[in-house]
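Both of the next two complexes hold subunit A, though its partner changes from subunit B to subunit C.
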Partner chain A sequence: MDVRSQIAMVFHLDKCIGCHTCSIACKNIWTDRKGAEYMWWNNVETKPGTGYPNKWEDQSVYKGGWTKSDNELRLKGMDRKSTMANIFHNPHMPVMDDYYEPWTYDYANLFEAPAGDDQPTARPISLVTGEPIDIKTGPNWDDDLGGSPDYARQDVNMHDLTPAEKEAMFQLERMTMFYLPRICNHCLNAACVAACPSGAIYKRGEDGIVLINQNKCRSWRMCVSACPYKKSYYNWNNGKSEKCLLCYPRLETGQAPACMHTCVGRIRYLGVLLYDADRIKEIASCNEKDLVAKQMEIYLDPFDEQVRQAARKNGVAESTLESARKSPVWKFVKEWGIALLLHPEYRTLPNLFYVPPLLPAIADTSTGSYETTCASLWGGIESSRVPMQYMANLFTAGDTEKIREVLKKLMAVRIHRRGVTVGDLHEDECKQAFAETGLTADVADAIFRLTSLPKFGERFVIPAAHREEATELLENTADIKGNTGFGTLNTPQRI
Partner chain B sequence: MVFMQRVSMTIVFCLVTFYASSQDGADLFKRTCSPCHSIGGGRLVGPDLAGVTKKADKVWLTKFIKNSADLIKSGDPAAVAIGKEYNNLLMPPFIGSENEVSAIINFIDSKGGSAQSAAADTFLNAASVENVMRGKALFSGNLPLKNAGSSCITCHSVHDVAGIGGSLAKSLNLSYFILKGQGIKAILQSLPFPAMTNTYATHPLNDQEIYDLAAYLKNISQTMVKGQATRSTFHFLLLGIGGWCLFMLLLFGLWRLRKRLSVNHAIFARQMATEK
Partner chain C sequence: MSDIFLLIALPYTALIVMLVGSVYVYGTQAYKVTSLSTQFLESRDLFFGGLFMHWGIVALFFGHLIAFLFPASVIAWNGNPVRLIILEAAALIFGISFFVGVVILIFRRLRNKRLHRATTDMDIAVFVVLLTQAVTGIWIALTYRWGSAWFASVLTPYIRSLFLMNPVLAAVSAMPLIIKIHISTAFLLIGMIPFSRFMHFLVFPVKYFWRPFQVVMWNRDRKLMRNSTAMTPEVKSRNN
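Showing the complex of A and B:
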């Protein structure tokens, strides 16, 4: 057992209102630079939709992530031989139009245009070429189902849906949507790390954050094509790849990452999970139908003394073990089992979990009025406007049973709370909900509390970073003590 | 004081011996001239020098010995004629004092006699294929020289290892025809060229090696003249051009598989079409 600590996240999709505050917070801090204008380390997509970069989930085009062939785990887009053969052109890389050409507007023209018959306009100017452009697409071009015939209908997750189900998703008064915020998953079996020919990408030992060493990056861009979530970006200005760094400078000072701190819907949770690094290969290469269940096994119980001992032996700080016990992620993922992973079939073992949304049921208009009520609240899950298969394709590698189980748990919490706050439901209905999902009233209340009324310190349980210990690994601090100050380390020179 | 005296005496002694030895024309001739010239022994690489002091005056001889290249360049008819006669193979300039040159001239003068025609070159008569093969191995460095000298390929090239041979010194393709066996032997023994002198000063070639190398160079020169020589330099160029073409073809072949268009290309195309 090789116990390590990982900063993991839960995004509660029922609470996301799609305001993009997270994206803006991230952009303001990290990517508001030349060469990084087009990057959105954090972005919010509308589902159904093609996302950013467009159709990123279509691995038949982008060839990201891992695949299992001959019982061996291999990168889908490259092996040693094909990397050598394609090292100068990286065939599966997204082109600029797959993201979008970043632009600004010629605002000065509004003030400086000579007097004329027409109102002056501010033409869009490309931030790449500096020339005026016609905008073709942007980072949220299909936001809120905009341009559905062109975009949402091409959603990659609609395979295995019946034509009727597919059609229903786009009918007036029947369609629905939800938001999917995405950041780097800081995977346990990161494809970007495996693909980098320079060895510039690494997973930090103390908290599992995946980072690109900007000194070692040699702009091969293999990470860009290898990451199935397309969360590694190439900065065309300085020739280095960049990605979400989970605001580690903020984490090290006890602050939540900017996207999480600013989240208006308070959908984001962050905390420590302990995992068994010895099992990564075994779990990443298991059968596809077992992937979801198996990955849950890799996370170890922080309350288990044996696990704690092994963790201590591995150098995991006591403060980290303590925050692992308080971790909201542990509760959502393991205790309650209501958080799932986005596309586990990519086999990267991501660490960003999603609580799937409970979407409205299909309305019945046969009576002439718009009727969404069902015989029971359970009915709402089965007749959800988004087909179960679609949700399963997103979160459980196509396993509808697994997603139904989670949605039922979420619904059981709602039934229970309606019983508590409104009291109009028959007691039996609540009992049946608990019996079917294995929840109890206490657990349902705890889920409700952490979902609806969490305090800041409950959403983000950030372990102490212990940078002082890391520093001591690199240099002898006693050598420097008493030697700092003006002109001590660098004595003035007489010429 | 005593120490200083001893030092100065040693210096004086050294200078005297050096002067005396440099005045010794016979010794000088043996060291610097004999590899290519004989006195009354027939033509080697250069002319037999017996009686040369009678044919030419001392001033001209001194000029020629000190730097024959300059003299030929200046258009001196006698010098140009000699240069032509010996395939423009230039005599290395003499590095030494005026006294030394006159010592050599005096020595030649004292020997008297008259020039003989070229003696039969019997040096390589007994050379076998084995000698040639060993010579090739020595030349290319596959077989190290006994005294750890650098192999010839470091600076010289020959046609059958062209392309990888050195270009610091002359190509030895025709060396046998210019120098003959005796000449090659003489040069390899006495190493009169400055670069070779320095290179092999502490790593001299042994007789067997000299023989093998001479045999190899003879073989090289013969194949060159018979037209059996492969024009490897040209082949090398062709190989380069061909390889480059193949490489580009391969690259373009591979690049064809590259994702060039946006996944939304069809959408953009349709939208642009509607706009018109």
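Showing the complex of A and C:
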């Protein structure tokens, strides 16, 4: 048992209001630079939709992540030899048009245009070429199902849906959607790390954050194609790949990452999970049908004294172990089992969990009124406007039973709370919901509390980084006083 | 005089600049060492241009290297005229591939507006040097036949004498101007390495063939922390 600590996250999709505040917070801090304008380390997609970059989930094109062939786990795109053979030109790399060409507006014209018959306009100007452009697409072009024939209908997750199910998803009366905010998953079996020929990408042992060493990145850009989530981006100006760094300078000083701190819907939770690094390979290469269950197995119980002993022996700080016990992520993921992974079939063992949304049920209009009350206990799930298969393709590698199980738990919490607050439900109904999901009133209340009423400190349980001690081991802190802070030693410049 | 400049002063300057410069740049400004890929801005033409150019130049580089290191074997191989023709034809094909690649890459940069933004003065210098090298190389191959044969008797001694710090120009100064240009542009290219994207082939990632897939970095040496009481006597460090 090789116990390590990982900063993991839960996004509660029922709470996301799709406001994109998270994306803007991230953009303002990290990617408002030349060459990075098009990057959204945090982005929020509308599902169904094609996402960003366009159709990123279509691994038959982008070849991201891992596959299992001949009982071997290999990178889906290129193994070591073909990486070298394709080093001059990466056949699977998305180009700027797969994202969008970033632009600004010619605001000056509004002030400086000579007097005339027409209102002056601010024309869009490309941030790459500096010339006027016709905007064809942009980030969130398909926000809230905009242009759904071109986007939502092209959603990659509709395989295995019956034609009737597919059609029904786009009937005007039934159409629905939800938001899917995404950042880098800081995976345990990261494909970006594995694909980097220079070995510039690494996982930090202490907190599991995956970073790109900008001094070692040589612009071979294999991480961009290897990451199945397309969360490694290429900066066309500096010739360096960049990715979400989980705001590690903020985490190290006890602050939540900017996207999470600003989240308006308060959907985001962050905390420590302990995991067994010895099992990464075994679990990443297990059979497809066991993937979902197995990935949950890698996380270790912080209340288990044996685990804690092993962790201490590995140098995990006592303060980190304490954070692990308080971790909201541990509760959602393991204690309550209501958080799932996005596309576990990519086998990167991601660390960003999602509580799936409870979607609106189909209304019954036969009575002449718009009736969404369900007769049966789980009617809200069974007649959800989004087919279970679609949700399963997103979150459970196609396993509809698993997604139903989680949704039922979420529904049971609602039934219970309805009973408590409104009191108009039959007690039997509540009992039956608990019996079928294995929840109890106490657990349901706890889920409700952490979902709806959490304080800042409950959403983000950030372990002390103890950088001060780490630095002391390496150098005399007095020597480097005044030398900390953000910046690059060399100005980013092309040669 | 010009021979001394082109064939002695320039080569030595270039080699010293390359050696000192690339060690210096790698050591102090590693951030600048990248291949500055432009595939993100334009992919299709790069596929053709990049592949033709790179496979051409890589083959030619090793061809020249072998001719320099093992002149006797090359001459022995050429003993049979069929084999001589095969070798020469192969060299010419790689030369043309290199030339075509460079031309495609130049037109690609000219045509695509996005690429203008990613093109620096140094990039232009790089393409001028590469184009000169390709044109003179093919010219020599066509007008001064059987280079693989005379290379051994003329150029190998000259280059060897350079490395032995005792430059002998006797044979090489009798060569036509075009060959002298080819030689000096080659050294110019070498001298440009530390200042341009040419650094990228010095950092070819050979280690990828054997390094483990996952890379984990620790702030501290975990074993040391576990076992040592040196830094914090009695108390084991509490860091992660």
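Here is the rule we go by: the second predicted complex is superposed on the first by the 472 of 495 C-alpha atoms of A that agree within 3 Å, B and C clash if a C-alpha of one lies under 4 Å from a C-alpha of the other, contacts with A are read in each partner's own complex, and residues count from 1 in each chain.
Just so it is clear, a contact is a pair of C-beta atoms (placed from the backbone, for glycine too) under 8 Å apart; a residue touches a chain by one contact, two chains touch by 3 or more.
Note that the structure is a prediction, hence the values are computed from the model and not measured.
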item	value
Clash or fit (per the criteria above) of subunit B with subunit C on subunit A	clash
Residues of subunit A touched, compared between subunit B and subunit C (which is higher)	C
Touching partner for A:80 - first (subunit B), second (subunit C), both, neither	second
Touched partner set for A:150, first subunit B, second subunit C, both or neither	first
Contacts of A:55 with subunit B and subunit C, given as first, second, both or neither	first
Partner chain(s) touched by A:214 [first = subunit B, second = subunit C, both, neither]	second
Contacts of A:288 with subunit B and subunit C, given as first, second, both or neither	neither
Touching partner for A:89 - first (subunit B), second (subunit C), both, neither	both
Against subunit B, colliding segment of subunit C, chosen among 151-159, 187-195 or 205-213	151-159
Overlap of subunit C and subunit B interfaces on subunit A (superposed complexes)	88-90, 93, 95-96
Subunit B residues touching subunit A - in the complex, by the definition given at the top	251, 254-255, 257-265, 267-268, 270-271
Of all residues in subunit A, those that touch subunit B in their complex	50, 54-55, 58, 61, 85-86, 88-98, 136-137, 150-151
In the complex with subunit C, residue positions of subunit A that touch it	5, 80, 83-84, 88-90, 93, 95-96, 128-131, 189-190, 193-194, 196-199, 201-207, 214-221, 234, 236-240, 277, 280, 313-320, 463, 465-467, 469-470, 472-474, 488-490, 492-495
Touching residues (chain side subunit C, partner subunit A) in the complex	29-43, 46-47, 50-51, 54-55, 113-114, 116-118, 120, 122, 195-197, 200, 203, 205, 207-209, 211, 213-220, 222, 225-226, 231, 237-240
